[in-house]
Amino acid sequence: MSSQFGHLFRITSWGESHGGAIGVVVDGCPPGLALSEADLQPDLDRRRPGQNQLVTQRNESDTVQILSGVFEGLTTGTPISLLVWNKDAKSSAYDEMSELFRPSHADYTYQAKYGHRNWQGGGRASARETVGRVAAGAIAKKLLRLIAGTEVVGWVSRIGAVSGRIDPESVSLEAIEASIVRCPDPTLSEQMIAEIQKARKDRDTVGGIVECIARPVPVGWGEPVFDKLEADLGKAVLSIPACKGFEVGSGFAGTQLRGSEHNDPFYHDGRGVRTRTNHSGGIQGGITNGEPVICRAAFKPVATIFKEQETVNRRGESVRFTAKGRHDPCVVARAVPIVEAMVALVLVDHALRQKAQRIL
Amino acid sequence: MSSQFGHLFRITSWGESHGGAIGVVVDGCPPGLALSEADLQPDLDRRRPGQNQLVTQRNESDTVQILSGVFEGLTTGTPISLLVWNKDAKSSAYDEMSELFRPSHADYTYQAKYGHRNWQGGGRASARETVGRVAAGAIAKKLLRLIAGTEVVGWVSRIGAVSGRIDPESVSLEAIEASIVRCPDPTLSEQMIAEIQKARKDRDTVGGIVECIARPVPVGWGEPVFDKLEADLGKAVLSIPACKGFEVGSGFAGTQLRGSEHNDPFYHDGRGVRTRTNHSGGIQGGITNGEPVICRAAFKPVATIFKEQETVNRRGESVRFTAKGRHDPCVVARAVPIVEAMVALVLVDHALRQKAQRIL
Amino acid sequence: MSSQFGHLFRITSWGESHGGAIGVVVDGCPPGLALSEADLQPDLDRRRPGQNQLVTQRNESDTVQILSGVFEGLTTGTPISLLVWNKDAKSSAYDEMSELFRPSHADYTYQAKYGHRNWQGGGRASARETVGRVAAGAIAKKLLRLIAGTEVVGWVSRIGAVSGRIDPESVSLEAIEASIVRCPDPTLSEQMIAEIQKARKDRDTVGGIVECIARPVPVGWGEPVFDKLEADLGKAVLSIPACKGFEVGSGFAGTQLRGSEHNDPFYHDGRGVRTRTNHSGGIQGGITNGEPVICRAAFKPVATIFKEQETVNRRGESVRFTAKGRHDPCVVARAVPIVEAMVALVLVDHALRQKAQRIL
Amino acid sequence: MSSQFGHLFRITSWGESHGGAIGVVVDGCPPGLALSEADLQPDLDRRRPGQNQLVTQRNESDTVQILSGVFEGLTTGTPISLLVWNKDAKSSAYDEMSELFRPSHADYTYQAKYGHRNWQGGGRASARETVGRVAAGAIAKKLLRLIAGTEVVGWVSRIGAVSGRIDPESVSLEAIEASIVRCPDPTLSEQMIAEIQKARKDRDTVGGIVECIARPVPVGWGEPVFDKLEADLGKAVLSIPACKGFEVGSGFAGTQLRGSEHNDPFYHDGRGVRTRTNHSGGIQGGITNGEPVICRAAFKPVATIFKEQETVNRRGESVRFTAKGRHDPCVVARAVPIVEAMVALVLVDHALRQKAQRIL
């Protein structure tokens, strides 16, 4: 297990889907930041299931409590412990899961690695684990706004077969949140909703792509050669459940460009050095160049489908399996605040690291 | 700067393109491994420029020396220091680089972040930095073969517009190394060579994709929730110069599949639990499931093109710039041993971490 | 702030004296360990104030809850979150502390470093912070017994002017716990109690020394050159509030011996290599040699005395200060389980690290 | 093996007594520091053997080379690789060491832990390993002078039975270096020399105590609760070969004081808050309080004595052993620059960490 993330702004995540509670400890948050539960709850609400008719109807309220590290409304520089109680879940809905390995879930690998697992609701491998990330990410977002005026915004750019061109630099949080699939383009949004409803009808699921921008970002964040900003962003985002790919700037599409097309020419805009294009995604040599940081995350379709599947049980015997319970045909929109949180956590960590090097 | 990578098998990289030498320290290599320079040199030779007519003609011999950590032919469990002397380089070829920022290189970001940089040959941001990674990776590869019989093999699956289907599981090192672009399919290989020669003629460059497989891989490597295997692989690979994207298993393409298509059904093959397909890329819930680990890395086209470009100098003034010196239209084939090295470093680190947890 | 300790068995501590709760997250505990609150409570009870007539009468029950990481009575290899609610404390008792800096407390340094501090009851600098250490240490102790049959036992060997020779190898937990000052020698124990009562009468405080043994300890724990066992033990113990010194084996007294007196001759006892003496304290070259590990920790007298003292307030003005509230003339006996916990945490971490290196 | 030390200013040490070379990589040194070999050589010369008639006559020149990280005389923020070649040593002098375990050396524990060791000259466990620490420490010292005007000075306060009161705050580097035993008090120095000569005559060895001061030190360095400054200093110093004890401020002697004697009253000296006494050793609650940081390290007598000793060989058989070669009756004076280096490394790391937290 490795439940720590970050160097100077470091989070420790704990908790299972069906344990007593779930939480996170944030260590290294600078002192003097105004902070209350009200800063954290909105992103938790954006993350939780049951927000609309497209997704699972489970109603977890996910109310966060700050247990330490804040005094008289300001952070003290000491660890901030955040806790969300789990609701009493009917674990009987999952009884079958103790005995068989759901395809493309983590049941088998957890069983094989640990020998003993909390199989209720996926245990530690459940997406419920991301509650702590989102709560900690909300602190990181607030810090970024104060440190550098930086805003981290994510949206859905693909659901299954549906995708389209969305200009990252002009996208607004309002347009995103106006869509129940978090796609800022209303036409695309409608198509995505239809794509999800089709999957629901088929007792199936769909995946998609989350795109994320941080803007503005100062020059100088990123620590080559191993903690390059894109490397740390990649690790952060790829650690989110169901994420199978990450790219920054031109990404995989950029491999089809010529150098003369891909290079971002420098110019001076009167205030500072800028680039005319941003194929670099705001990062050159692992360090931010002052342009917006843009990245994308690929999420596979949810593994819990409501069709019969082949699998094996704990004794290795062939069994057939059909999921029971609530049907969540697509979780990509819910992944948006999680991607934002991970991006924000990386950026604030690098802001602190860069600050330290400015000592001479 | 962050020049360490890995937890239990940890490397420290140092050196610039035009400093006196370049090297790496490997800490945490288990004792008792037979090791000599002959184990390391082949991968260094695969990495270095000037191997064929397609790439730069610079002849760096890159002869590695083991300075510590090996006694009477066996590792002692103490740090292994590896050093490669830099050849005397005519730094005059780079004089202009002290004054201007080459587009899509790290000149500008290093200058802005550090205030003072070794501008000769790209300094620390040069791909020459990867010498140490490859040398350390050769140790990791040897360990993996001993620990689990695991082989890590990479190849080129795309150059610019040229790509095609290559079956990862049947690919062989021999077929790959028989191609000067490291593409195991002879027809594709010819097309890729033509693509690179076209770029050369145009004084331009092309990018591409490296695919990599590790096989066989035991069940249980990977440390959720933040050091999931795909997250650590992603960080490792995205820290390679010019890498803009990473995916594991189905990756970005998987976002277009339904759950019923993407899920990998479990079955028992008589010896153990297997999956019928491998969209998961050998990793479920961040932990290897016993199938081959398969990943892909996107490399942007080389930034050094021989056409005139717009840029600015250190004073922010507009200048025109045309690269001088050797023309390297494509470095994707040389990236193959670097990707292999990073993948091997991650796997061996996780093998050690998994071992530790087996203490009860 | 740095609230993590350990590499493979890593704890994250959080909480203040007067925040809502205090806790610890244990990451890296191997799966399959039988664990319940009943394993943790006894050491917490040994640590807490109000156990006898010598110490403060505050009655904190310190009931620990396991919130994650245990399923059906066994650890799952996932993070174990432990929480203890703080009782409602009358913070008015500390109002003065918001305005002035108590001599030899951390009020001034926290104020200067963080700019904003939870001044109630010492906040994060309170010894209450050690609740989490002791709870996590109880898990480490249980693991050590299973892994290597190792027992970690501490006792008080000095209170103020009172000290005497106690043979570490024959000391028993029963004899220690029979003494309210945790001194296994009944005569010395009486003298120590008298020393504390004298201090109480004088409205003053006394310090002392805790000695600790781990036995038996296998050969091979410790990771030179920086994570030598004595170095990690030293860091662990010196991080306990009020600890000003640490020594292993012969320690400071050993500086007065000749090499011929200090060297521990090796012999073979029929089962293995042993040493005739143990001036090394069970550690040679940073690695355990199979003899018991023996160390000592110096605790200064409690800073909260009930005599008037000179100090300054937040504006730097001279003020006089006399502590109010409960009088705790000596906390050395309560430090015993904290020292044991820190020693156990270091040992179990090194046991895991050593295990990982045994992979070939 | 663990060969890294430090968080933001991190060193990686490598090399054996009789391997090809020995060295260190310094990662995290801020850019823009003027640095050349001339900054490092003086401390290496203070560390090396053969400086005077009291110590071993081996003449290792220990000439350091900077291989990376410095360009045109200034650090670039990239890793600084420092290398010292080993002289050809007649390993035959050590042949016996391959077969038997010298008492109170690391021969036995290295053999048991690693199974295979470089037995020549003690290999990695040799004090020669400290060459890298001292070279890196010289960089840390230079940085501290620039960052905070801080000077780190060590001296010998005890050799065997000889010790005396030396006022830390008035001690000068000149007085220390005027003494071949690095004791600033001329009378004590003479007695120490006599003590060493007596041990030499007896074919024996003596230990001693090194005391070290850092002055001035700003308020705010140290990261509770685990990376308290005294904890990190303790770890740093206890990782030096032969060190068996560490204390800060009043240390073990402070356990015999009453709280009313030990507390350091605060006052305002017109410029800032000060303490009237410094029993705290400049650290309160793990954080510097602006007073000089004072610590002490206990070094056991050298294990290599020239009298016959009992020991066992690799087969566990009883053998008699008498050391051959050069006689080094006391190395405490040579430990002074090593202690200084480790203290400086800790302080500069904490200066950087503190800087990072000042981001709001």
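Think of it as A, B, C and D in the order they're written, each chain with its own count starting at 1.
Criterion: a contact is a pair of C-beta atoms (placed from the backbone, for glycine too) under 8 Å apart; a residue touches a chain by one contact, two chains touch by 3 or more.
Not measured: the values here are computed from a predicted model.
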item: Interchain contact steps from chain B to chain D (minimum; 1 if touching); value: 1
item: Between B-C and A-C, the pair joined by more C-beta contacts; value: A-C
item: Distance from the mean Cα position of chain B to that of chain A, given in whole angstrom; value: 26
item: Intercentroid distance (Cα basis), chain C paired with chain A, Å; value: 39
item: Centroid distance [mean C-alpha coordinates] between chain C and chain B, Å; value: 46
item: For chain C, residues that touch 2 or more chains besides their own; value: 1-4, 13, 28, 31-32, 77-78, 113-114, 124, 224, 353, 357
item: Touching residues on chain A, where the partner in the complex is chain C; value: 1-4, 10, 12-16, 19-23, 25, 27-28, 31-32, 65-69, 71-72, 74-81, 83, 113-118, 120, 123-124
item: Of chain B, residues touching chain C in the complex; value: 7-8, 28, 30-33, 77-78, 143, 146-147, 224, 351-353, 355-360
item: Sites on chain A touched by chain B in the complex; value: 1-5, 13, 101, 103-106, 108-110, 112-114, 124-125, 129, 158, 160-161, 199, 202, 204-209, 219-220, 222-228, 230-239, 241, 243-252, 254-268, 272-273, 275-276, 279-281, 283-290, 298-305, 307, 309-312, 316-318, 353-354, 357
